[in-house]
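Next up, some structures in structure tokens.
Both complexes shown next keep subunit A, but they swap its partner, so subunit B is in the first and subunit C is in the second.
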Partner chain A sequence: MSTPDDDFLVVEDLHAGYGGARVLHGVSLTVGRGEVCAILGPNGAGKTTLLRALCGMVKGRGAVRLGGTGLLGRPPDAVARLGVAHVPEGRGTFLPLTVEENLRLGAFTRRDRAAVQADLERVHGYFPVLRKRLKQQAGSLSGGEQQMLALGRALMLRPRLLLLDEPSLGLAPMVTRELFGIVRSINEEERTTVVVVEQNAHLALGIARQAHVLETGRIVLSGPAERIRADEQVARSYLGYRV
Partner chain B sequence: MSETANTANTASTANEAAAEPAEVQAPGRDASGEPGSWGARLRDAAVERWRPIALAALLLAACYAPFQLVPFRVFQLTMVLVYAVALLGLNLLVGHAGQISLGHGAFFAVGAYAAALMLDRWDVPYLLTLPVAAAVAFVLGLGLGVPAVRLHGLYLALVTLSIAVFLVPLLKRFESVTGGSMGLTLTKPAPPAWTGLAEDQWLYFLALAVAVAAFLLARNLLRSRVGRALHAVRDNEAAAEVMGVRLPFYKTLAFAWSAMFAGAAGCVYTWVIGFVSPDSFPVTLSITLLAGIVVGGLGSLSGPLLGGLFVMFVPSWSQDINKAAPGVIFGLLIIAVMYVAPTGLAGLAGRAAGRIRRTLRRE
Partner chain C sequence: MAGFAQQVVEGMGAGAIYAGLALALVLIHRFTGIVNFAQGELAMFSTYVAWQFMDAGLPFWAALAITLTVSFTGGMLIERVVIRPVEGAPELTMVIVTVGLFIFVNAAAGWIWSFLIKDFPNPFPDGALRAGGVAVGYPTLGILAVVGLVMGLLYLLFRHTGIGLGMRAVAADPDSARLVGIRVGRTLALGWGLAATVGAVSGVLVAPLLFLEPNMMGGVLIYAFAAATLGGFDSPAGAVVGGLVVGVAETLAGAYVDVVGSDLKIGVPLVIILVVLLLRPQGLFGRATVERA
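Presenting the complex of A and B:
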């Protein structure tokens, strides 16, 4: 019997898809409280679908429990109210709104005004560039800044679980490294549990404790991040790079 | 640190930040001992705070106008206010919540008929008809909001259009209640003796009071958490949902509110015209209202007023230009405005104001 902290997020035999197209065929994994878990795999493996099923954007069969509470069958807004923040693929920025309005929308489910204000400051601490642009339209930000905004907005929820969908997509390598550094410090300082989906396996494995490799809707390999990184065979066949 | 406190403070800081350079310059002019420095300072302040100043000036002019114009012009301005209230509602729905409605005129009619029935059947005091008419429209708006939750874009447009289409025959059919094609004729609210106003002036001020109240209500609504939720729904539904915004709730509410404003406008319409009939609310009313808010400026607070002016005056002007084809002129003008100002007259006005401000500051 494992401690409740070890299986903070439990996914059991999760099947999900869009209409008739089945994408996930029985995915099972657990993530401990305060851990970073990386989901790796090639295009079309079902990584994004997995995150969408966790946050309620896609219907799933099986079981998903967060701290013992079932998530499946709840709409996304209800899952958000349980403390799950999702940084969606493509960032989901509200382009015509200002940076500040975007950040405040992240705290939409919260009523504690003073704490929200404090969290706004906290997010500025992580992303000083956002502070300078608070009154600017979010659409005028660069791709990297928008990704920071998306991450900052997710933090405004004070999430128990943070879901990151391809944070490196379309960003310069330096910006990506900075972003992953921030994710790591968020995880370390606030003990936020993180599930990150990435194609850039090297970076994701750098911050993750556990990693799972997904292929055509099934987990084909799981293990501690270092071991997966060290396994040259894995690297070549699934991750598309040489160590 | 102080910079942090400043920027994080409130939403009003954008204007203040822009005001800083001007304020820094003003003392410099003072030191030179120019006699006009106070005037210069006053002008700078006026340039920076143009928004409240412009609003105050507009309100003053609005209170002064009915004493200077002939009754027919006062009536026309009253109708501009009535349309502006209806357009405020449509703006909430289309401009802020990103939905579409081709049936807004139906809620306008519902408000108008609700007020007319109350006045005709039960002799309800006319001021009391306003909240009731607004409430009835609100409830019906909730009803329309339910299908709207499941429909998008063109499908939603079609469903809302069908409401506007079947309204007229419906009103004609229930003759015993609605008076059928003959409609209902009512006595207009008489001005209280203490005001010393003529009837047209009294009606104008009633409409002005309702319009100001509606404007304040819409503004406060949009500045609240609710307003943020509507904008999120408009800009990115999926992301809004992930933020915890309950889409069905806010979409339904947006329809209900927009209907409420239309109902209130319809009620004032009944007071002003003193007559309702099915043919007062044809399908084209709904389409004209949608055109009005798009031309006025979607998502802006001045859009409804500019749209109201457009809807009221342009058809009569086009009739003056060419008696045979007022519709053609009206349509051409819509195309022209959309070509010159894709963000509507409000966007055009905003750009012009910005240019004037910059020119004045440079001097």
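Presenting the complex of A and C:
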């Protein structure tokens, strides 16, 4: 028996690609409200394309519904206004602007000024390092700080759905662990639904409830995160590490 | 010495006009990466609109208000109709499109209002403020004040409003801007509208000095290019400082360098453009973005 909360994000038979190149060949999955879902898989499997199709950056066929509202066919700015925050590959930082301006831009579509101000404080709470750098140009931050800024910017939307594309990319292991810890506490404290795409399967499985393994545009394995982590065969063939 | 100061003041008056048009150029370049060769012609067209309303009997300031509104709408419309279809095209395509727009607007103005020169009233009173042997004409003061005001309003818009922040975000990274929910197309149109409005101000300021005719802005555009290059094509403040420097340099060269005189004055902006591009391509105020890998 599935409740509306179990089917918060529904992806059905999603096909997507760039021009003539098809990348996703019929991906289906559901994510429950307040859950963290990990998308794993090797390079070129279509993980990034899946997130881009969810947020409208690439066109897709099939169906994507968030809380019953169809997302496909909407441009990215409209999807953002529906409460989907995407931290893209490369972090999407506005480099010439200050840290504070970047954070405020995360709340661009919101009109509840007092709540935005409160959320700014909340983000500072998660990322104390950003508070010290508010007036600094975002381009001058280190990679880890920029990833925190990107996550902070996404939180400023008060997202219903948070999409994270390879948050560990280019970061030192310690910074990555810290970052995933923060994602976990955001999820636990705010019940934010998260879809995280990661090459670092170990970390992603550590915070996810469900996981899907994507290979050449198809889901080849789905299940509870701990089961996938425990499956040695899976670990070796898809996740590229030994348990 | 008073003669020299006098020349500097005259130069600043001219420079403020170049600054106005340079501001419009910089606005569009910052948002879209496009160098709008038609900016001067749009300003000229706006000036004709103002003339038309005054000819119909409206007082200057009422005609100006209508003109600014028309220019803003027209600028947005041009972005939607002419620029949008070629958005993201290579630079050369953009240059050709704006040059085409230049020719079209120029011809349209000639067709509607003829190529005969028209008188355009000066909104500022005659006479001058005298101090220490230097006479500053009220029109010059007026021009400086108006350009300063425009500059201040733009600063407030960009630094202290949500719309301005959104515009800067689009200028910095349109893809990320979409991801935070900014309607990028609408913002770009807004940028064009804003630039056309600022350009209209410079047209209305220059018309009383030059007579109104369809080719009025040709020379001014070249000076504005020099000003924008000097100040940095991404810096509104740079455009204003650049405009003033170009204006003063042009006037001083005309007055004190015999070979230049009044005939070769138009060569001054070319020299400035060349020297800046050689020594400091980003301009005096152009920022090289700080970026850590």
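The rule is short, and it goes like this: the second predicted complex is superposed on the first by the 242 of 243 C-alpha atoms of A that agree within 3 Å, B and C clash if a C-alpha of one lies under 4 Å from a C-alpha of the other, contacts with A are read in each partner's own complex, and residues count from 1 in each chain.
Keep this in mind: a residue touches a chain if its C-beta (ideal position, glycine included) is under 8 Å from a C-beta of that chain, and two chains touch if they have at least 3 such contacts.
The model shown is predicted, which means the values in this text are computed figures rather than measured ones.
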| item | value |
| --- | --- |
| Clash-or-fit label for the pair subunit B, subunit C on subunit A | clash |
| Contacts of A:94 with subunit B and subunit C, given as first, second, both or neither | both |
| Which of subunit B and subunit C A:157 touches, first, second, both or neither | both |
| Partner chain in contact with A:185 - subunit B first, subunit C second, else both or neither | neither |
| First (subunit B), second (subunit C), both or neither touched by A:117 | first |
| Contacts of A:55 with subunit B and subunit C, given as first, second, both or neither | both |
| Partner chain in contact with A:131 - subunit B first, subunit C second, else both or neither | first |
| Which superposed partner A:216 touches (first subunit B, second subunit C, both, neither) | neither |
| Those residues of subunit A which subunit B touches in one complex and subunit C touches in the other | 55, 57, 75-77, 80-81, 85-86, 88, 92-97, 101, 104-106, 108-109, 153, 157 |
| Touching residues (chain side subunit A, partner subunit B) in the complex | 55, 57, 75-77, 80-81, 85-86, 88, 92-97, 100-101, 104-106, 108-109, 117, 120-121, 124, 131-132, 134-135, 153, 157 |
| Subunit A partner contacts - residues on subunit C that touch it in the complex | 162, 165-166, 168-169, 172-173, 175-184, 287, 289-293 |
| Residues of subunit B that touch subunit A when the two form their complex | 4, 7-8, 11, 13-14, 17, 225, 228-229, 231-232, 235-236, 238-247 |
| List of subunit A residues in touch with subunit C within their complex | 55, 57, 75-77, 80-81, 85-86, 88, 92-97, 101, 104-106, 108-109, 137, 139-143, 153, 157 |
